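Next come two complexes built around subunit A: one with subunit B, the other with subunit C.
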Partner chain A sequence: MTGRRGGRPLVPAYLSTGGVARPSRPQLERLTVLSGSGELAPAGLPAAQLALLDALRGGSLTVMEAAALLELPVSAVRVLAAGLVDRSLVLARAPIPPAERFDPDLLKRVADGLRALKHN
Partner chain B sequence: MTELPDLVVGALGAGTLSALVLGAGLLRSRRQRALQREEIAALRDRLDGVQAALAAEVEHLAAQRVPAAARQLTHARVAVPGPAQPQFIGSPLGIALENVLNSLRSELSAQRTRIDAAAQAGMRGATREIQAALYRLQDALRTLQQRYDDPELTQTLFALDHENEQSLRRAQVAAVVCGAWVGLAREESHLVEAVTGGQARLAGYHRVRVHNHLEAGTALVSHAVEPVAIIVAELLDNALRHSAPDTDVVVNLEHVHHGACVTVDDAGLGMTQDERDHARRMVAGSDPILLTDLGDPPRMGFAAIGRLTRQFDLGVDVSSPSPYGGVRAVLRIDSHLLSRIDPEQQPPAASAPRSTRGASAPTRSPAPTHSYGSERDERAVADVAGHQAVPDAGGLPRRRRRTPVTAPAAPAVPEARLPERRPEEAAAALGALQSGTAAARAASEGAGAAVGETAVVPEAVAAHDIDQNDYEGGAAR
Partner chain C sequence: MAYAPSSTTSGIHLPDTARELVKILIAGPFGVGKTTLIDSVSEIRPLHTEERLSEASVPVDDLDGVREKSTTTVAIDFGRISLPGGIVLYLFGTPGQERFRALWEDISYGALGALVLVDSRRIDASFDVLGLVEESGLPYAVAFNSFPDAPRHHTEEQLRAALDLEPGTPLVTCDARDANSSIDALLALVQHLIDRDPPERR
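Moving on to the complex of A and B:
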């Protein structure tokens, strides 16, 4: 499994983004779905961005999942992902909202209205 | 009775004779005494001279030679002057005075060692406490980093974490110089992680470029991890300190015969001869370390390296100039301190530069290991990529992290994957559909009637849907 050692991480999180914590685009949320755009990574990409690209190579991941996989805080992954989206190496999709049940009252009223129309 | 004058004459004669004899004796003794007196005077003069010389010599010993000998212990360049009067050189007195100096030296250095050991013990205790407190602070900061992802707060947390790392480095190095243990037990880790971890402890970590030429999975045994991180941090600190702020410090990780090497090159001016000698002496770790030798403010970096190299059997060399112009520092790690970690099971930290070695890294086949949203047959791809879902010991399938696989000899099955659509494109297409529908409806409802709304067709779709566009034009007319 990827779950690994406990203990104190040797490499602190700020190193992954070079100390930057403000993402270049604000709309990335915890559940934003990231997927690789399939473009070849240019040379000289920072190691952490490469690692994120690698993680996305296998399919889409939410920001949260990518953070867990890379063992980085979500905030750092947002910075990394924003940088990759800027270079159009990664595509970001807004989180899929959870489906909601329709209000039964509303459905009933719609049905009543339809029946009323039919009888007219 | 005639005998009487004879007797008198005889007695007189004898008396005269004896008087003469006595007189001569007296004269002689007087002359002798005079001689003796002269001799005594001369001797007394000489004695006075010698006494004065002795006093002057002892005075010289006290005023010049003893302070010089004491100072020589801390400043090796100070020369101890010889006797003031050359006649004492090699004389018993000269030798005795030399012995005075020698015992003074040995007593002084013994005192110095004792005092230094006491100071070190005090400092060890203090830094140990500080180090533990800073580790607790680090834990708190990292928990906060995990919990909150507000960018402003994160920026502060990152800055604090970095400050904390730097303080931690100082406390740890001081503790190590004072003979303490490194203060943290780590697990077996990738060598590149230890190097990157050391890099993160410095203020100028942005300027460090790490090139990892090691085989993936090259790791350090647990007890060598923290020492290597400390040594790398100190070498990097020295490199950053001795080079201009707009130059990079280059780190290369390579395999060498019987081990691995971490080479730190800076493009600075290099160290002066004095600094170089000091560094070489300290790094060798053969002399006992005294706090008083480290200067003010104490330069602890190389002393700490010296302690660690001796304790952990590591090799550090700082004597060669770098081809970039500055200093080249080389840390050699023998193979008995190296081990292997499966990079799949336990990949190095995300920020650690990946290996440049072999074709493994870039030719990774895009195999979904945690896929949703991809419509391919996972098993087929997994077979191609050369890794299957491995059943766990518990019988459950185990998700594995992406495997670095070399490209298969035969060309892989071509990816039958639809080209990804950008969200903007999708929005444009849907918008076009909507507006097209609206336009058609409006047109069919009232032929000549004015349409209330003019639907805007995104340009992206305009090229595709010429018909609609025409229709739109008609409707607007």
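Moving on to the complex of A and C:
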């Protein structure tokens, strides 16, 4: 069980997205990988979108990790990320490349990987 | 400060080799040791998101009713293990009470399976979560978290009967504080997923 952190974000979740409740790209999953595209952010980008871009400067993050870092609900990060993808500022990649979605070896490789961890 | 500066996020960013991201749910009632297990194997300190229980179930505001919309939140803990070959395994600590149903559906989407943690001192606390897992069709294994004062006189048959488990459902004991023990429990689940046929991907 986890206690709530004392500090709350200054920007409430419902304001962080500018009042938008549904992402423009519904396919963003919790494990969708977000990366900065390297494009320069235009002036006037909302603070919450800038904060997400800033978090991606150090590397890629999943939607879930971005939500934890920004202390925003996953639903809000989906809206923010979708907006940034629409502006070509962020690239979104599915958790598993579509071609490997049905890879029968995936589970075996997970098991092998877990076994290898045990010897550490 | 509204947002964590990026300088504190090092170590949380995905390794460049990350190629396939998969997740397993660590499901169980409050206090059963979900976060302890995640912490024992995660390469990052467990993170959490605050989830509003009402958001997924209330698509439209009901202006007629006097009933207040619930704003209860629940913390979802998660951790991450990078495996060789570009696989990144996420562990999502998922509470299983009936009132989390809508959240459960969102979190379980695309999951490989669930490891259901059970406290043998209060088996009945796990009935709700087992119900949700079975309803979602997610394959699962059951792991008894071995609390020091847990009763040890139950036989496996008794525990299986108490939980009404199918004969093929793996049942293991683990110490969630111990990384190797937690990995063994995860392996029991993954082996179960491999043995199931035909593998139906969600």
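Here is the rule we go by: the second predicted complex is superposed on the first by the 86 of 120 C-alpha atoms of A that agree within 3 Å, B and C clash if a C-alpha of one lies under 4 Å from a C-alpha of the other, contacts with A are read in each partner's own complex, and residues count from 1 in each chain.
Here is the rule we use: a contact is a pair of C-beta atoms (placed from the backbone, for glycine too) under 8 Å apart; a residue touches a chain by one contact, two chains touch by 3 or more.
Quick caveat: nothing in here was measured; it's all calculated off a predicted structure.
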Which holds for A:L91: it touches subunit B only (first), subunit C only (second), both, or neither?
-> first
Who does A:D54 touch here: subunit B (first), subunit C (second), both, or neither?
-> both
Does the superposition put A:S75 against subunit B (first), subunit C (second), both, or neither?
-> both
Who does A:G18 touch here: subunit B (first), subunit C (second), both, or neither?
-> first
Mind working out whether A:S37 is in touch with subunit B, subunit C, both or neither, as first, second, both or neither?
-> first
Determine where on subunit A the residues touched by subunit B overlap those touched by subunit C, and list them.
-> 1-2, 4, 9-11, 30, 33, 47, 51, 54-55, 57-61, 65, 69-71, 73-75
Spell out the residues on subunit A that touch subunit B in their complex, using ranges where they run on.
-> 1-2, 4-5, 7-23, 30, 33, 35-38, 46-48, 50-52, 54-55, 57-61, 65, 69-76, 78, 91-94
Touching residues on subunit B, where the partner in the complex is subunit A = 135, 138-139, 142, 145-146, 148-152, 154-155, 157-159, 161-162, 165, 184, 186-187, 189, 193-194, 196-197, 199-200, 205-206, 225, 229, 345-347, 349-354, 364, 366-374, 398-399, 401-402, 420, 422-423
Report the residues of subunit C in contact with subunit A in the complex, numbered from low to high.
-> 1-6, 9-10, 12-14, 16, 18-23, 30-31, 35, 41, 47-52, 55, 73, 75, 77-78, 81, 83-85, 87, 89-90, 106-107, 109-110, 112, 179-180, 183-184, 186-187, 190-191, 193-194, 199, 201
How about subunit A: which of its residues touch subunit C in the complex?
-> 1-2, 4, 9-11, 29-31, 33, 47, 51, 54-55, 57-62, 64-65, 67-71, 73-75, 95-97, 100-102, 104, 106-118
